[in-house]
Amino acid sequence: MSSAPLLEVRGLNAWYGESHVLHGVDLDIHEGETVTLLGRNGAGKTTTLRSIMGILRRREGVIRLRGEDLLRLPLHKVAQAGIGYVPEERGIFASLNVSENLMLPPTVSEGGMSVEEIYTLFPNLYERRSSQGTKLSGGEQQMLAIARVLRTGAKIILLDEPTEGLAPVIVQRIGDVLVALKKRGMTILLVEQNFRFAKKVADRFYLMEDGRMVNSFPGHELDARMDELHEVLGV
Amino acid sequence: MAVGTQYLAEQPKLRTSSMVLGAIAIAALLAAPFFFYPVMLMSVLCFALFACAFNLLIGYVGLLSFGHAAFFGGAAYFTAHAAKVWGWEPLSAILLGVAGAAAMGLVIGFVAIRRQGIYFAMITLALSQMFAFICLQVPFTHGEDGIQGVPRGYLLGILDLNQPLAMYYVTLAIFLFGFFAIWRIVHSPFGNILKAIRENEKRAVSLGYRVDRYKLGAFVMSAALAGLAGGTKAIVFQFATLTDVQWQMSGEVILMTLLGGIGTLIGPIVGAGLVIALQNYLAASDFPVLVLIGIIFVICVLLFRRGIVGEILEFTRRKSKSAA
Amino acid sequence: MSTIFGVPAPALYGQILIGLINGSFYAMLSLGLAVIFGLLRVINFAHGAQYMLGAFAAYLILNYAGIGYWPALILAPLIVGAIAVVIERFMLSRLYGIDPLYGLLLTFGLALILEGAFRYWFGAAGQPYAAPSQLTGAVNLGFMFMPIYRGWVVIASLVVCLGTWLLIEKTQLGAYLRAATENATLVQAFGVNVPLLLTLTYGLGAALAAFAGVLAAPIYQVSPLMGSNLIIIVFAVVVVGGMGSILGAIVTGYMLGVLEGLTKVFYPEASSIVIFVIMAIVLLVRPAGLFGQEE
């Protein structure tokens, strides 16, 4: 791919208070691509997502979305630039019901999924649309967290460990959803520990260690690199 | 950043120099009545002690009481009543005020420590307002008039407190006693546990401390010392009125401490001196005192939350850090 | 004449009505306090001063511009809300993220400035403010005569409380507010302008207080001290209700108002302290408050 990347991260440094947690991270994602960040716990994967979103404020370097500099934007303008965020802790609101949770993120551009399409994709959510958001099962909450950003018309979504702690059948279901999204041309940046799941959807992998990008390779090389990965990831 | 966490007690290596400074300060206080109007000095001493007592709670336990006027003004009533109606000797009348304030502290504290932070402030404010309403209604406080014409009497039956200098030195002695009591509390094992609770209450609980008991203990001590200030004030000024139990008084003592420096040992004294001086100065003009107090509050909170003494300490600390 | 527990029935009904009216003000003010606290984590000590400011705004626009009661019900909240927006932008917003006690101290200082200034200009005594001609007189309810204006206050406050509740529970703006109360950062990361939401919320809370102030003007007179006397009671109401629930704040407000009214009938000496006593009992039995959750 020779065209300019949709999301471009260059030399990203970030700090939690005084501690320096990201050291010059580089990352490119092209339109329609699904890219997965691998790494041990504490390698800086979630921090990278939070830095791109602007939730972590103390950053230096370059973050560009379609050439627009995100680093200088106030937090709420980052989403408006076209990014959808599915946080690790899912972030379902207890004081909102399922439908309110779904409708919460404001539309950021044309072309998002309609509510009908979303409910077709996630029939469980339709059935439970009047329940309190946090009364859903873990899997349903994860579906809701993903569904929520599909409505907004975001061009790229950041997914932080969507399969964590979920039963295999639900993981399967989420995998199907991501494949369906890929088919629609959605760009996805995924943080994932589950190789088998990631292999199904990822076009490319990045490997992180101690707040640095240490390697990157295309998706089909995953099997060949298993031994190397097991060593780095300690699994 | 929690209120009052900026400052722990001053470092031990400063001890020699702070002892020298302390000696100079005490000498200055002994000489002061020959240069300043003693009534004003005594007023500063009473409020300085009140502010130090308040600071014991916010500065070293992190609890903001918005109801300390109840202990200050309540003790003033008890002392005034004992001295005037029962004809008690002044020191025992003051001690009765202290005991009364401590008892009130036990009751109010027992209720208030059930909530923390912002709720604690609201609850202490509400309970002290309740006490103010009670003071308005019960006969012994004489309602709007207050208890007037309290005799200063003879200390221990010997020393005539109607002599301004005698009254001044007794007030000074009481102030110094209260101040050193606070100093002792802060530097005792009990004080260290209080500071641990302020820094991290959950950890203190997990270490096995009965946090609520320590908080209540600190609350009662703070109330008793506020009562010592209030009782002394009733003897010095020879009256006790509703002014001393109302929420405005609680606000004033907060301001004195905030202005001088929350969690510093001498900040509340500096703050009390400044606020009293300012009030005296403004009394001659027609500028509304309340507005000025409000403005100082806003400026302190927005611009220097450490207070005057706290900012100076921070400045010298930074300087010595960069020099090292 | 009929009696209930040895008390003449009309006196009882009269005190219940007065209790309902006081309760209306407790409910409106504690509602605003709870909404502001929920989102901003600030206890707005200036709430009483903003209530007073609302009453004075009505008084001043009547005496200097000839604008009467009905427009004042809209204008005074707008004026006070606008002032509150400026306060939030330039002062309160600097205190987010640090100990909430500083927000309390800042708004306490602001309350003193407002109260002191109005006392300086108008003295401590109350200024009369006439009820609009449409609402003067009384109506015979069969069991008692009710002054029409008092009935109006109860109805208006119920409508405003209900309206605020609907705004928060049933609208998109309310969903933003509820969500941001739980996790403001995430809501902002979704693209909601949370700083603006905070500003609007503070403005709305202050406007509610000002609306209550205009309603109060014909009943209690317009006085610089009217707010500070009330705010401490409202704090107690908020502690009793627990600040977690909007509906809880409203219900507790009316309930305590009526209880206070009943105390005036059965044991008048205790009427000024009954709310504080109830607060102490609730704290001993259920520290989080009647409708609150343990944090």
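Miscellaneous remarks
Labels A, B and C are assigned to the chains in the order they are written; within every chain, residues are numbered from 1.
What we mean here is this: contacts are C-beta pairs under 8 Å (C-beta built on N, C-alpha and C of every residue); 3 or more make two chains touch, one makes a residue touch a chain.
From a predicted model like this one, the values you see are computed outputs, not experimental measurements.
Under the stated contact rule, the graph of chain-to-chain touches is a line, running from one end chain to the other without closing.
Between B-C and A-C, more C-beta contact pairs are found at B-C. Taking each chain's centre as the average of its CA atoms, subunit A and subunit B sit 55 Å apart. Taking the mean of the C-alpha atoms as each chain's centre, subunit B and subunit C sit 32 Å apart. Between the Cα centres of subunit A and subunit C there is a gap of 44 Å. In subunit B, there is no position where the chain touches two or more neighbouring chains simultaneously.
Subunit A contributes residues 53-55, 74-80, 85, 87, 91, 93-96, 100, 103-106, 108, 149, 152 to its touches with subunit C in the complex. Across the complex, subunit C is touched by residues 1-3, 64, 111-112, 114-115, 117-119, 121-123, 125-127, 129-130, 133-134, 136-137, 247, 251, 254, 258, 288-298, 300-302, 305 of subunit B.
By the touch criterion stated above, subunit C contacts subunit A in their complex at residues 172, 175-176, 178-179, 181-183, 185-195. The residues of subunit C lying in touch with subunit B in their complex are 37, 43, 91, 94-95, 98-102, 104-106, 108-117, 119-120, 228, 232-233, 235-236, 238-239, 269, 272-273, 276-277, 279-280, 283-284, 287.
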